[in-house]
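Presented below are the structures under discussion, each in the form of structure tokens.
In the two complexes that follow, subunit A is the common piece, with subunit B as its partner first and subunit C second.
For the complex of A and B:
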């Protein structure tokens, strides 16, 4: 009897063991198993127009071997490539992608793609179609940054870089460093679906430094902003105007303002401390008015004038010049947006919508006509807070201005 | 069977994920469709329905402390009509369980496991749930208790991590179109809050029955606050584009970027969702199984756990050809169906029971 019991428990154990080990085959989740060495990781993507009704999709693909093998201290243009570019035309992105995939040994993976570039030609025709793919497909991240390139976007991908491992990274760094505009895919979607129907994307191009064979090189240059109305690019802003736009959007970070105070021979430069922009839309007697209240503090980093900022009177002159310069920059970009481009890139529409929902309802459909007539009043309050490690300009210490 | 006891706190920990698991993913989008930037008000308005459902369940429970809706509906309106009501209730819960299983696996298939057959995901989840239900109410309650922090904490962390991307001005203008759009959103959301009536299946097992009403209301408020927070988070991050997303919280979660390296937290949302879906499915599954056993006058519900599981898997495909139909059903017919079965039917029962009770008392006094 005891033996029988033992045998029974043995059979029980064996059955359990078999059923458990059998379930292992089910638990591994084989269908979606993807090894990292079966993936082609996209670092940046470019979408260009090609011929009639065709788009060209270019992908910058990461080569893991090159990164792991040690790029060496040399780097520079002679270094091994970390990425390469593949491209393919198709009727839309999905089509081009499937054609690319057919000829490609690894599964194309969007999850790490942080840069999306639109070629200017495509941008001028409209980007909704491409945007739909990027937002609908589960892999591309909404955190990726969107750019427009002057000329073909593909060229930026193919470019060699000096400091960053690949051009996609270089472009992204330029956007996030704060000197330029940084617009994510999500922001772009929001701006286009929002009240203003206008957006400004960073505008890049490949510039080249001419020299002899050894010293000439290409680099990505931030040349301003591409302005969108609905999904179409309608114009662009210069670099200076883009900086002005950053003031409006309260996104100024790394920034140097250089001014020449009236009656002085040299220039004075400030870096910015805190920047506060208050936007206050007002509607009085059917007159739409936008009041901008800018508060900024600065620190002197170079003083080529004879003005000693320690002197209250000089300080006043300096601050006024500072104030005026900031004001001009902001007014400059507003003028361009209102009269030249007629595109609401600073999102005034949303501001009015938030404060005056009822009045907004009435102009919602014809905002395009109303926007250029909105009066803008810019008030800048600039203060110089610090003057750096020396307290008098070099010139003043020589005693030149003492006569 | 009835010696199994759970505390009212455990019941709350089961019900909280039960309501939220499906709600946090799709509700922001559904309410945004109606209420745009006033979507955060909808949960507050809709929570009223939760309160009503809890009140009805508790009142009925007070009249028939040892019975569930399947049993007392026979006592209240007679055997045959009671059976008919019970049948409708059971079919509703069976269908809902199938839909929950489907929407859970659709989410997994469309975001993570693209190539895995959907049947495998449904079957594996139902298998796990079946184990839990077979293990009994105490097993389920303890599992829910164990998972509760794992469901709740990541949700809070998610909101904190997203805070740098908040654009608070997105809530303005408040009530642009008046109270009607958020109220419309609230009607849809009421369908979820009506699910609180599920406690009617669990109240007979409570060890501290006196706390049931209080705990139930606290629970409704907790769900309301969480949903409002989730809706606000999504609004702050995604703004006007919320309505166009299928799973807005997923989009928001993917948007997290903390110090440029703490990114791509989709997996956290998936984990929360799986835990929540598990608890939700077990609660519905248990209600179906227990109700069916009582409807058929079985002494134990365990023998029908497996067959009902297969039926649930079938129901997850019947009537849902694709996700577009499902999404339309979710905001056009589900709320009314849900309120009809889980609030109006019980309310009717409660009223008849009250009148009968009063008549009975009168008769007793007269005699």
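For the complex of A and C:
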């Protein structure tokens, strides 16, 4: 009896399950189900200003056929492009996108787009409207990187690359390498809407090496940083200043410092070991002050001077030179930001906000005026920890051999 | 209404059938020799393999030996029974008992009164000796038939560990157990199941380790069985399981005596069945399916690593194809860009949706596997060639399936063979298909729903009353030592909980090898 009941309930369950799972197939389209074959995968996107009140959206789209997967070695990206660029103008991005989609056989898919480029012209006019789309639309990644291009951003998309399969990937790889700035969409948004309302984005252009037909090629050159105040680009930093900015943001990774110690003929180069940047905002007697404490260790990788780093006296000279060089870099970028651009790109505002919330409230509205007057004190403690595989400078060693 | 009537009818029919079954002949043997012989001859009409040998006992009394050709030791019968009994001796034994003790040089002799018992004895190979003027017959323990020699188990091979496997003979199998566990606490209860086969079944357990209620439960469930035949231990497995509809095995089967003994020593019960090398072990938990004898025969670090590898591949075997389908059709943004690009490139020429593609490949793989099992060994290589070429390469080159899909199916196939027992792999393999459907229709949401359903099902399962997910749910911290990792032997101090609290320790604690400490002690003693 009991067994029978159990069996009946089992059959009931099984029937329910079968009808339930059977009806899954009748659901037309299965919601957002889409095969990879029907996707146009965006690898990079560029947004430029077109005419008055018009933006031009350019998308770098991946061509699966060009990779020639599955068919064995015949494919490869020898000279063939694996991407192509489509572009369309519209009153805003959404408009341009819908126009693009209307003429395109596959569904345009933002999910893998990790590179967003703003043309300089658009950047100078304001990016809030474009940012709104990129942040609001569910598909674009917030962790994609944002760049500003000198000239039209579309040109970067169309550029041919040598090592990476397409230019979007090349740009992204450079950003993740850590030698320059790397700002994601989310960072950018947080900086612009945060306390400081200033941000710096990597700034680049298409450069070309001229040569004969075979050896000339194009490449993306990072020429510094584009500085934003609110949503507008107000100026740019040079390469050296951008590096200084990296110190301020504590994002220094791949970095080589080359210095010439006083009284020497050659140069010494260091790579960095550990880098510690401590930011300490202080308000004393209504005077706003920022104390920066930088601790850095370096390794000698090239020594063109006659100084033997083994010798404590020479080491002192070298370290002082190292220290001075780092300090100069940092102070340089602070000077530009405070006095020339008046944009708080190092996010000092947030530091003050955190430590002195009451005082911050009072200046919040007029931070723009306060920021240039913040006194910045940079203290660098540089140490040379390693000297490489050889002790004496090569110059000195040769001298010994000759004796 | 109609349903009630039909139910009533069915019940009546069942009752009738039961009555038929219970009619067991209680007829006794007659004092009349001729009548007895006649009865046996009528029972064994048209049984050419039953031999009747009549002779004169000590030259005087008429007697007859009945046995089945090939089941008894003919030489023993001749040497120890027929030749001494046929000698005409002066001193005829006075009583039957005396005769039994003095004249028969056979070690195992039993007196039988019932006709039914005689028949049972004959069919199990023990010849029956009938004498004139006696109401009892003698069952002579001379059963001997051809059997396979003990070989290395085919389905459960191991690199380190004993190479003996069970065989089809119950007597040999119990002897294999006894050879490992010499203590008389190892109990083996005999039982006969099967109306026609009268299959010998033995329940083995260790007194003092196995819970008495558990043994009672096993016996109850076995005695409930009424079936024509038991040809393999799976018959019994299916008839005593707690949840007969589950895809998961709730009783473990093994053909290794060492595995059976290890489980006996943990307080489990082993059911041996005549005619199959596979013995049953119960109660088990899900994690028993993940354990292999070799885990305990090699260094614990290695065993732990291998065990975790198994857990990992359990997940792979269950989830990889469904997750692949879900990600490829719903969540393209989840794949790393370069990987997605190569998948996209590979899929470009494929005419099917990913769901259909994976189903084709999985079904083809299952077919290949099944064909490989059934095929004669000589043709086996043909299958692997066809499988590798057609499914692997040709299908990809023809653009019917994508190369990533072949890789996914291949990895899944290997993963399901990683699971120690073939049967476990099978249940995982079956569950893969509903998950693929869910993944292809609802995406990762569907896969997660499926996994939740499976986990809920596992939680409800019991093996002879023991929770299936023990020691994880309910959590038994002490027993995690044999689940999360394989603790070294000097830490395996306590037995699993179902052996009861009375006999909790299997060894003395503090047995960590400590040569330095020992040296100190020795010196101190000096």
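Definition applied: the second predicted complex is superposed on the first by the 360 of 403 C-alpha atoms of A that agree within 3 Å, B and C clash if a C-alpha of one lies under 4 Å from a C-alpha of the other, contacts with A are read in each partner's own complex, and residues count from 1 in each chain.
The working rule: a residue touches a chain if its C-beta (ideal position, glycine included) is under 8 Å from a C-beta of that chain, and two chains touch if they have at least 3 such contacts.
All values reported here derive from a predicted model rather than from experimental measurement.
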Quiz item: Is A:64 touching the first partner subunit B, the second partner subunit C, both, or neither of them?
Solution: second
Practice problem: Tell me which partner A:32 touches in the superposition: subunit B (first), subunit C (second), both or neither. | Solution: both
Quiz item: Looking at the overlay, does A:141 come into contact with subunit B only (first), subunit C only (second), both, or neither?
Solution: both
Practice problem: Using the superposition on chain A described above, determine whether A:357 touches subunit B (first), subunit C (second), both, or neither. | Solution: first
Quiz item: In the superposed arrangement, does A:189 touch subunit B (first), subunit C (second), both or neither?
Solution: first
Practice problem: Using the touch definition from the top, say if A:21 reaches subunit B (first), subunit C (second), both or neither. | Solution: second
Quiz prompt | First, second, both or neither for A:111, with subunit B first and subunit C second | solution = both
Practice problem: Classify the contacts of A:286 with the two partner chains as first (subunit B alone), second (subunit C alone), both, or neither. | Solution: neither
Quiz item: Between subunit B and subunit C, which makes contact with more of the residues in subunit A?
Solution: C
Quiz item: Which parts of subunit A are touched by subunit B and by subunit C alike?
Solution: 32, 111, 141
Self-check item: Interfacial residue positions of subunit B with respect to subunit A in the complex
Solution: 110-117, 120, 124, 169, 172-173, 176, 237-241, 244, 251, 254-255, 257, 263-264
Practice problem: Mind listing the subunit C positions that touch subunit A in their complex? | Solution: 245, 328-330, 332-333, 335, 337, 340-350, 353-354, 396-397, 399, 402-403, 434, 437-438, 440-443
Quiz item: What residues of subunit A sit close enough to touch subunit B in their complex?
Solution: 26, 29, 31-32, 111, 138, 141-143, 184, 186, 189-190, 193-195, 350, 353-355, 357
Self-check item: Partner subunit C, residues of subunit A touching it in the complex
Solution: 10, 21, 24-25, 27, 30, 32-37, 39, 41, 43, 62, 64-72, 75, 82, 109, 111-112, 114, 139, 141, 165, 169
